[in-house]
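Going by the order they are written in, the chains are A, B, C and D; count residues from 1 in each one.
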Amino acid sequence: MLFERVESEGLAHYSYIVGDRGEAVVIDPRRDCEVYSKMASAEGMRITAVLETHRNEDYVVGSVELSTRTGAEILHADGQLGYRYGEAIEDGTVVKVGRFEIEAISTPGHTPGSMSYLLGDAGGDPWVVFTGDALFAGDVGRVDLLGMERAEEMARLLYDSVFKRLLPLGDEVIACPAHGAGSVCAASIADRKWTTLGMERKLNPKLQVAGEEEFVERMAVELERPPYFREMERLNLTGAPLLSTVPDPAPLSPREFAAMTEENAVLDTRMELGFGAAHVPGALSIWLDGVPSFAGWFLPYHKKVLLVAETADPDTAVRRLRRIGYDDLAGYLAGGMVAWHMAGKESRSIATADVHDLCTRLDREGRGKAWILDVRSDDELESSGRITGAHHIHITQLPQRIEEVPKDRPVYIFCGSGLRSMVAASILQREGWDNVTVILGGIAGWSSVACPLVR
Amino acid sequence: MLFERVESEGLAHYSYIVGDRGEAVVIDPRRDCEVYSKMASAEGMRITAVLETHRNEDYVVGSVELSTRTGAEILHADGQLGYRYGEAIEDGTVVKVGRFEIEAISTPGHTPGSMSYLLGDAGGDPWVVFTGDALFAGDVGRVDLLGMERAEEMARLLYDSVFKRLLPLGDEVIACPAHGAGSVCAASIADRKWTTLGMERKLNPKLQVAGEEEFVERMAVELERPPYFREMERLNLTGAPLLSTVPDPAPLSPREFAAMTEENAVLDTRMELGFGAAHVPGALSIWLDGVPSFAGWFLPYHKKVLLVAETADPDTAVRRLRRIGYDDLAGYLAGGMVAWHMAGKESRSIATADVHDLCTRLDREGRGKAWILDVRSDDELESSGRITGAHHIHITQLPQRIEEVPKDRPVYIFCGSGLRSMVAASILQREGWDNVTVILGGIAGWSSVACPLVR
Amino acid sequence: MLFERVESEGLAHYSYIVGDRGEAVVIDPRRDCEVYSKMASAEGMRITAVLETHRNEDYVVGSVELSTRTGAEILHADGQLGYRYGEAIEDGTVVKVGRFEIEAISTPGHTPGSMSYLLGDAGGDPWVVFTGDALFAGDVGRVDLLGMERAEEMARLLYDSVFKRLLPLGDEVIACPAHGAGSVCAASIADRKWTTLGMERKLNPKLQVAGEEEFVERMAVELERPPYFREMERLNLTGAPLLSTVPDPAPLSPREFAAMTEENAVLDTRMELGFGAAHVPGALSIWLDGVPSFAGWFLPYHKKVLLVAETADPDTAVRRLRRIGYDDLAGYLAGGMVAWHMAGKESRSIATADVHDLCTRLDREGRGKAWILDVRSDDELESSGRITGAHHIHITQLPQRIEEVPKDRPVYIFCGSGLRSMVAASILQREGWDNVTVILGGIAGWSSVACPLVR
Amino acid sequence: MLFERVESEGLAHYSYIVGDRGEAVVIDPRRDCEVYSKMASAEGMRITAVLETHRNEDYVVGSVELSTRTGAEILHADGQLGYRYGEAIEDGTVVKVGRFEIEAISTPGHTPGSMSYLLGDAGGDPWVVFTGDALFAGDVGRVDLLGMERAEEMARLLYDSVFKRLLPLGDEVIACPAHGAGSVCAASIADRKWTTLGMERKLNPKLQVAGEEEFVERMAVELERPPYFREMERLNLTGAPLLSTVPDPAPLSPREFAAMTEENAVLDTRMELGFGAAHVPGALSIWLDGVPSFAGWFLPYHKKVLLVAETADPDTAVRRLRRIGYDDLAGYLAGGMVAWHMAGKESRSIATADVHDLCTRLDREGRGKAWILDVRSDDELESSGRITGAHHIHITQLPQRIEEVPKDRPVYIFCGSGLRSMVAASILQREGWDNVTVILGGIAGWSSVACPLVR
């Protein structure tokens, strides 16, 4: 038997392959889907079906790509939407995989037509349920995607899905969600890599409610919604282009690169320190591991993208950008920043300071003068504490609220570690802010030393 | 600087990548061309041009595939032919690669428009010459491809190419041909992996001639011409389909496989012993390492191909078949012959005997009765000796001369090792010969034991 | 957080790595343990401890190897035994891994000092329990290892371990055993790749008992005990040699190989068909995927081992043999059987027949004459049916009961697929039986065609 | 036939494997020698001999390591030295490799007992000569290793070796040296990846001499001699420890790391920009690709080494350090500099400026005040020009001449690209210089913009 989880790092996206006796089914495949066909053919299995748990909004689903390679049938949840490919699946539909059966269970709430898939012996006991974005380890799916005006309605659907359809399957059933910790599809997914319905029943904070009303009330929270969701929704209904038709970014000499920076977007995936020391003017900083989470917020789809990377070949960044639909990658800076400087090109820098430096400076400059910008989320502020006197703008809100940041005072930026602060600083610098400093180590560093400002 | 040879095993095909300062050029790429783009991007180089030394007839050239991925320009030798893509290159044309230059040198003979490419410092001394199929280690290209009636004309062209254009470049120049030992493009390429013009001048048997007339006379040899050459010539003029559009063969259950054997071709790539013991009725035997050399002789292009392999996943066979244009691979037997037998399917066998068995049998049966078939080439017969009383039909001639083989006598088949004998036996069995035995170890085994029949 | 299972194919051995915040712990590592250190260092984690669930008897545990590479502490269950390395662990001992805790729970029965390890948040709810060989998916550990005279005592211990210590942890807790389907450590492990205590409580056949007495009664079964267990027990107490000190087997020419076959053991890992067609005289047949299960039964530890493989490099066979302590691998036949025959060496063959052949022969020869040997296990006979008139000797009993097989009648050997039959046939041939035939497809093939003999 | 070059990046070290008919020989193996045994066993070849061209002083030769794995015989050039393992080889000794022969040719000069190895058909024409450090592409080996007082003597030996023994072998013979461009074993090896004796005769600048006297005169140059040569010489005579006995560096938390920085050496392999922005106080900067060339100059052998790397796992740096004998790697900073700052640890920075910044500053500060330090080599100064008014200290001389650098003036450091400048800056900072600035892009950047100071 074949049963594996495939994890797409950064997106915290979990997909699954289940196979038996020459057949295999993939649930929610990612776009770079060779991984599934390799697993299947290593076992002599043919991928016969692709099951989607819902219309995904946070990544490009690989259904078309995988179906094209393997001839697999595509079965959509949210079949009420106007898909341009594949077939809708109904509650109760059974898909066979060798000796096993997978039954579709309607579990709406996150989306109106979300499905879960229950795997078990043919006619026998359930073993695993693939819960999509209905139920996670430690959380449930957000219900605000159709707008807050429909959030209550969706929350009631989700309550029924979780309490009346999923949990009754039994404490012992293994629950396989579509996301792990770090996803944008729920507020606070736990760090448990594998979980069970019983574990969720007991430990999932969202399920510790007196009844439907309390659940609905608690769910009435509007979460953020990255602008790229709209692009993903569009792509996932029409089907993304096959990866083989998407050209690889070309290596560009500093001269070629410089000639293109004006009209295109420049993304620099190096770590915060290298970016701070020197970068191509106008570049957006997103460190490599932050690309899946932050590119969709700050990198436009209507421009070509130019890449600057630490290593010779930006292939990891490219793969991650493709997963969220950035196909128009115009090129990358061959030889990186060393080549840039050797060609005599100008670069810009952003100041960095560790927390000890900051203390010294605040003492020297006077606290009144400094403007401290904290770009962490509300949740982080709650759990890790606030900085006295700091101004809070969650990084995702920065483009809209940028005018709140003064231009005539030194701005010190905090996040959890310093990485997102550099993202924020690169946005501020591009828009004309000159006097910004990233605090290295962020709130973690700040809390590690005795410091009067915190909490 | 980047300078690497890429070898396609089995075809004995050599291609080359040369790069410097952000640019790279590939000479005679193979179809599965990711290897070149990976090498280039690891060095931050863009592949800007693909150079072909001649219109290839023995494999699918990867020019279109590589150009599609990288935007490289395609430059054809034999530009007089009606190519459907790319541009013709002229004698004397110079292509720049960073600080280096590659100059086209017209070296006709193998084909009417063959080119060699001379690599050197810009304006400086020559360093390497890519000789295509004009000059190999230990041989020169065959001149009979346009028919024996034009062989003399082509031989004279080749004489000039080698003696007036290539050798004068200097003994010290490294010669990089398009094939190594084992290719069908010349009679007897030597086992030297790298060579120089001086080494060829001194050691290449074909160049040890008194003058043009002797050269022409010696070249007047008609070599074999596998039927797949015609398909390769066609594909290389029109451009082969992109590999990403060619579906992978599906794993097939024994039942599915059995239902398809009637109308399609079955290719079994296992070793001779396993095939001999049991195989799908009607299957053609070509052991995996023999696929590049023998599929083009015996496997038709107008049928779909079904595969039987030793391992779960027949990916090596698939890659090798693609390189010679077999794109219509219908599927493979999932679980291999074990699954076939477990499904209760019938199989056939072909007898095998080691040389000791053979002696015993000949003694028992009487030599008069046995019919010994030797499927080696003329060259092999000459170099390794003949078997007294054996009938010689080179394996490539077997389909046309099959009626020479008696059906009413025991047939013992010899080749160099036993591998080709099983190919021949599978062809004979398919056509109705029942009493064939493959001699394991072939002539090598025979010669290893004291044996009265040889030489 | 890091939580991965590492599976050793063939042995059906499961080991686990758990990591958090820079620290990682490995449970029951295998001997080729680079896999764990790579996983850990990819996450910047140091392996601080190796936990053993019991003194393993079916493979070489990698504790010493892993500890040498990483400095990890080794903690033994069954600490009452005289280990030459590491420390004993006690019931209730807690090992920290970042924010998590792993608590040792005494679960004797399979061995007198078996431990399970409960993973959970520090001071919080249990999440996963590593059950070693106490509890599997669909089975429990065997209790006959100390001899049947102590089986009842051990079964009572195991009853308490499972019903009083493990199951009360909660239905929702994920159970991670040390073996999957196919192990020799329990009779019939299920095909569930992940399970929970609740799923076992409901579905595990061994747990469906009225009470302790029924459990004990049912457990009073003597299972087979491969002779290699003794070697594993010895090695696992003293510590196996570091793999880096164990020399790789050398490629041997046919001449060299032939000179060594007399005094050493020859193991041929090719598939049944190739072996049947021709093999080195005296060779033991075990197909590659059968090596972990069958080498320990039939391959002696006191001789050097010579290998014959399908491929150029026998590395998979070597790795699998090392896992069960075969370190003295003298060499392998370079060039395989083709080289053997080309060197004029004699080989032997074993007849094979598909089920259709067999029918024909039985009709022809008369059933009375044929002696049908069925080498499947009792369990298989029960689940898949018996062949009328067949003689049953489980393959593992063949060496002791070989004299029951007649030498003067044609012997037809059946197993499930034909693979084990070839193992049996190779043993019979070596001991002087000449007239043996392996039935290809075995009972599966037999059952696939209408056949009067079955059930 | 097997004939491959194995290149160790950074060291520009070339080793070779030659194999035929089941046997293979390796010339000058590197220490991490699995690459050779894999190549050999993929072809079914046994490595029977290791040939050394001379006692190497610039890397740890892998002879002992490879011999231990394979049983290969070790044959030393420079056999007059007191090797603790292996045998000496004599001029004229012939080693067989299948159908080929390798003949030792005494070619002293670089060392007193250097050997070249001539590969050819048995009794036939020479094909390839492995020239060790006697003859390179575009250069010859240095003759100053025994001290300048013996340089003339050695130069005369080398003259004979090259002109009387190597070149007479024939223009067409392929020359395979032990190093490519970038090695410390010769002044200026050319960028030709493959060469021939004829090409060297014509193009090698060192060979364009009127006779022995001119050759000797030109060779009378003292090259630099990294301090690690002494350690390599020692290790290569006694035999370096087997890599499997050398423990891997452990991931260390910032707290653990910080506690160890006092007594050990800290090596930071990140690029110049990240290092400049922030680094562990006291760290030595050597960017990853500079490690093979510069670690041996500045990193002591008598201290343990602590690593800071860009990526989670410093394995590339570790492999490179092992190749030059740094075995005592105490650990690496888990989580890198982000973790360091999140733990609230202090870091230091070094200022960087692009060439435009520099112009501005010089104008502002006045040129008289600035002190420009150029750390390039004499050769680079000659070929790329000098900076007017700059002070030249080759980076390798910096530790000895550090007092020449003023502490009370701003120091601007130039190299070719900015990478070595950061190495120099880290050394200066560690020794108490506070006001140093690295010029990004170095002389290349400087030359790319119109700039009055150059040449």
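By definition in this document, contacts are C-beta pairs under 8 Å (C-beta built on N, C-alpha and C of every residue); 3 or more make two chains touch, one makes a residue touch a chain.
Small disclaimer: the values here were computed from a predicted structure and weren't measured.
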State the pair with the higher C-beta contact count; candidates are A-D and C-D. A-D
So, comparing C-alpha centroids, which chain is the farthest one from chain B? A
What whole-number Å value describes the gap between the mean CA coordinates of chain A and chain D? 43
Between chain C and chain D, the Cα-mean centres are separated in Å by 49
Got the chain D residues that touch at least 2 other chains? none
Along chain B, where are the residues that touch chain A in the complex? 22, 37, 41-46, 69-71, 242, 244-245, 247-248, 250-251, 253, 312-313, 315, 334-335
Seen from chain C, its contact residues with chain A in the complex are 1, 3, 125, 127-128, 170-174, 191-199, 201-203
Provide the residue numbers of chain D that touch chain A in the complex, in ascending order. 270-274, 276-278, 310, 336-338, 340-347, 349, 352, 354-356, 416-419, 440-442, 444-449
